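First chain A sits with chain B, and in the next complex the same chain sits with chain C.
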Partner chain A sequence: MTKYVVKRLLLMIPTLVGVAVLVFFLMRVVPGDVVELRFAGESSFASKENLDKERARLGLDKPLWKQFVDWMGGIARLDFGVSMWTGAPIIEEIRLRFALSLQLAIMSTLIAVLLAIPLGVLAALKQDTWVDYAVRIFSIAGLATPSFWLGIVFILMLLIVFKWLPPMVYTPFWVNPVQNLAQLIWPALAVGYRYSAVAMRMTRSAMLEVLREDYIRTARAKGLWEKLILSRHALKNAMLPVLTVIALEFAFLMGGLVVTEQVFNLNGLGLLFVESVAHRDYTLTQALVLLVAAVFIFVNFLVELAYAWIDPRIKFR
Partner chain B sequence: MGVLLSVQSLVTQFSTSSGIVRAVDGVSWDVDEGETVALVGESGCGKSVTALSIMRLVAQPAGRIVSGHVVFKGRDLLTLSEEEMRRVRGREIGMIFQEPMTSLNPVLTVGRQLTEGLEIHLAMRQTDARARAVELLGMVGFSDPARRLTQYPHQFSGGMRQRIVIAMALACNPPLVLADEPTTALDVTIQAQILELMKALSRRLGVAMLIITHNLGVVARYADRVNVMYAGRIVERASARELYRNPRHPYTLGLLRSVPRLDEPRRARLQPIEGQPPDLTRLPTGCSFRPRCAFRVEYCATEEPPLREVPDATHVSACWEAERVGSSNGGPRNGPPSPPALGSTSAQPGRSSRHGE
Partner chain C sequence: MSSVPRRIDDVAELGTDEARRSWLATVWEFSRRRPLGAIGGAIVLLNLIVAVGANVLAPYDPVATDYGAMLARPSAAHWLGTDAYGRDVLSRIVYGSRTAMLVGFSCAVLGATIGAVIGVGSAYFGGRVDLIVQRVMDIFLAFPLIILALAVVSILGTGIWNVILAITVPMIPRAALVSRSSALAIREMPYVDAARAAGFRHVRIILRHMLPNVMAPYLIMLTAYLGQAILLEASLSFLGLGVAEPTAAWGLMLRGAAVQFAESAPWMAIFPGLAISLAVFAFNLFGDSLRDALDPRLRTQ
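Here is the complex of A and B:
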């Protein structure tokens, strides 16, 4: 077991190196660079010489392979360098935003799971009744409603009904949990509702499938209570595909919440991502992509562990 | 011995997009205490649905028990509440299913699946239930039951899983076990082992059994009485011995000719029954076996033959021409019948070449 975990963690390294190569070269295929963009407005004043000097300062004049090796060397020492746009250390740029995005992703996922699994099971049990239809309409509506729009509705409602606005400045959880939750619960609800839809449908269909299995009939023939059949015999088997969906969604939430972040005035990774690409801030973009990739791989690894824990047929190798 | 289970005029139907499937169409039969009764018929004739109807486990909402009675120990199971019925399942009637590879839950240990029924029906504590589970696994032939309890179904072969399913069905000492094609999915050699085990256990524990099968070899060796089913109806009923010696329904005759027998020349051709079983959504008027029947006469098309006693035999047949069927078969055979082989591949050439009679 320990050996398996270590092996899997080590296997993450080649994947991440692959991601690093890809993002490094893709970024450089995009036309324009950070120097050009920064001085674009004043290009008439900035001489070619000055631009070259600036490029040299950022190391952009070196051959590509040298830049890559330097960058990888830094990463190996966990030194991500400085942002090409702001000059601040990457770690500093990312730290708080990562904390915020991670927390928001976790909260949204929790809300999505809390909605999806009970509703999915309920819909499966009441298949083709009005309960089933109601649940499915509720979840389709979630999928059809952009979370930022729902976010705006939340804010307006809080403002109009309770004459209260959630805090607009991010307070880390460890500084003031109440303040922190008061701010993040709303975007988490908006996002979680939307993302519950897919997991709900997956729960429903997996549950329907499992309930048709022979071993469920065997359990019924044993005279077990219906509740026990559900909780012990059906749910565990039905959770396997749902787990995968939830993990994928979680990884997506880490970097993909651009508009929602804007609506709630959150400085998360999503916005930073967009800006860093727009600025051709190579170092920052590369660090962000690597970070999200690492989260993605790690979450998948956790899912695999969970699979093996639930299903004894899956062996640690 | 008294009647333990009495199925009376049971009708179970499925509503599907192509119409109402009359899967079980008014069948009646009994099982006495400690007796082994067989239900035989081709695939799709309604055997499984009959068993599931007794347990009230017919797939909802398409399937519905339309009418009839299932009287078990004097109570009509069809009138029980869902909770009362739950207490009958597993406790009073155990069930063994056809497919051992899928009828155990892959994510629960064998121990868990064996003990849960004991804990619920007999209110056993965990340690007692475990001890009983060890005993049960020993009973069905495992040499290291305690270790086996902690294993998962995928760690067992098909035959071993079926032993586990048998142990599960017997766990609460039910007076009746329904076995729905318990060996169809297994190798021929394993089939014999499992059937011998079931026979030995039913004798030892005094359990009555309903064995559902389409293998007449199984019937001959293990059943006391046989019900032959065709298109949702019982077409013939007799003791196993009588049925082999003196079949009185063309369908039974066909079934017997389609399996190898030890008491007939090896070179005798096996004759499958020609034609297909009827579509259960559109049963023809009259006798539903008529299109495939060599004995048919004109009124078979209009008059449905009732199940009635055959004049010169101690059994019942639903055929207008039952007497003619009897004589065509050379009349009652003499001497003790040798049962047909278990599977078509298991006929023993050495013994089967007892030419002619």
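Here is the complex of A and C:
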């Protein structure tokens, strides 16, 4: 068990190095650089020497391989460097946005789970009836609706019906929970509905599969109470794939809410990413991509561990 | 067996006739057993017709500005109102379906096909090739879809063909993963051994013997990606990183003025979003039923 965990953890390193190489070179292929962009407004300072001096200060004049090795060396010492655009330490830049993104991801996931599991089970139990059709249409509609548009519609409804706009400035939960929730519940609903669709479909199909198993028939044959069969025998076994889907979605929520954050004017990791790419802020973009990839790979790994832990038939290899 | 075919032509004709009848019968059977899927398919078809016939169906030129009718409410002249430049919203939605269908079909076909070839090839060769391909795919999979697409658009710049490429790239590893797992089982089939023993070249075995047998997962992926591609295009255009003005695209219509004037001119924000949702909804509905129909594990009952 320990050996397996260590082996899997070590195997993450080459994947992350691959991600690092990819994002490092992708960013340098993008036309323009941070120095050009920063001096773009002030043509009087944008002489060739000034640009070159600034590039030298940021280390952009060194050969590519040297820049890459320096960056990797820094990461090995857990030093991500400073943002090329603002000059602030990257850790600081990310820390400011991390709380918001994490809270939004947790709230969206909670909403998704609360919607998905009861409805998915209901649809499976009433397969091919109007209930099943209604739940499926509801979930497919969730998949089809862009969450950023749903966000616009929410804001519009609040504005027209209640003449009220959610607060536009982020307040941390521990400072003022009401203010905080009043702002974040709307994006969480818009995103949660969309992500519930995936989990709902998974719950339905997993339940359908489990309900056809022999042990369910045995449980029914021996006259077990139907509620007990469902909760103890069926749902428990159907939860594995559902957990996987939810965990992976959660990992994506951490960095992938680029557009929703834009609509709700939320200063989270997604917006930071878009800005860092727009500014050609190499160090910040690289750190963000690496962070999102690391979260994703790590959640993947946790899911695999959970699988082996919950289902004794799966062996650690 | 009274009408034994005499000539080779008869055989061919008999074949096509049979095929035609069974094709129609399949469609009929599908619609009868999966009404939701049939409704989805019908909407998809309608959408395609609108896209192809946009120049006939749209009441106005989608890029013609009319400063006399800016932000006009829906009326007999402009069924869905006009936008901040006085452009007819309905006409822009009709033309926008062209963009959406072009992006959707190109990305889905390219992404699923390239992914399937990589996945099947990786499974067929196995060993070290498989290992290396899988590691490379892992790296791409660790990027969220939108982030990879953003990176590609930043490199190539905006415009419809670059957007198609940007959306296709992140789809490839996902398609490869799915096709690989289906192909692993097929590789062990006796007919693949037989083909190899007959001395066929690898390319021929992969293209002629293995690819046709991953058709079911391929079609399922294709329909799923169609909807996803349309959504991604809308997101990228909304961020200003997709199709550029003045081209009519649904995501682009939701950008800028649509949000700014949302209170006074809500039709600008509502109708394009409905168009996106309806199109993706139809593709998903159809794809879902197709999966149920093709997945042998669910076919038993």
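In this section, the second predicted complex is superposed on the first by the 293 of 317 C-alpha atoms of A that agree within 3 Å, B and C clash if a C-alpha of one lies under 4 Å from a C-alpha of the other, contacts with A are read in each partner's own complex, and residues count from 1 in each chain.
Everything that follows uses one rule, which is that contacts are C-beta pairs under 8 Å (C-beta built on N, C-alpha and C of every residue); 3 or more make two chains touch, one makes a residue touch a chain.
All values reported here derive from a predicted model rather than from experimental measurement.
Annotation: superposed three-chain arrangement on chain A; chain B versus chain C shows no clash, the two fitting side by side. In the superposed model, A:Ile137 makes contact with chain C only, not with chain B. By the touch criterion defined above, A:Leu64 reaches neither chain B nor chain C. In the superposed model, A:Leu9 lies in contact with neither chain B nor chain C. In the superposition on chain A, A:Trp225 contacts chain B only, with no contact to chain C. The superposed model places chain B and chain C at 70 degrees from each other around the C-alpha centre of chain A, with the value given to the nearest 10.
Judged by the touch definition given at the top, the superposed model places A:Ile155 against chain C, while chain B stays out of reach.
Between chain B and chain C, more residues of chain A are touched by C. In the superposition on chain A, A:Ile310 makes contact with chain B only, while chain C stays out of contact range. Once the two complexes are laid over each other on the shared chain, residue contacts for A:Gly255 go to chain C alone; chain B is not touched. For the pair chain B and chain C, the least inter-chain C-alpha distance in the overlaid model is 8 Å.
Chain A has no residue lying at the interface with chain B in one structure and with chain C in the other. On the side of chain A, the complex with chain C involves touching residues 14-16, 18-19, 22-23, 26-27, 29-31, 133, 136-137, 140-141, 143-146, 148-150, 152-153, 155-156, 159-160, 205, 208-209, 252, 255-256, 258-259, 262-263, 273-274, 277, 289, 292-293, 296-297. Residue ranges of chain C in contact with chain A, taken from their complex: 36, 135-136, 138-140, 142-147, 150-151, 154-155, 227, 231, 234-235, 238-239, 251, 254, 258-259, 262-263, 266, 269-270, 273, 276-281, 283-285, 288, 297-298.
Chain A makes touch with chain B in their complex at residues 213-215, 217-225, 228, 232-233, 236-237, 310-313. Chain B makes touch with chain A in their complex at residues 55, 57, 86-91, 94-95, 97, 99, 102-108, 116-117, 120-121, 152, 154, 165, 168.
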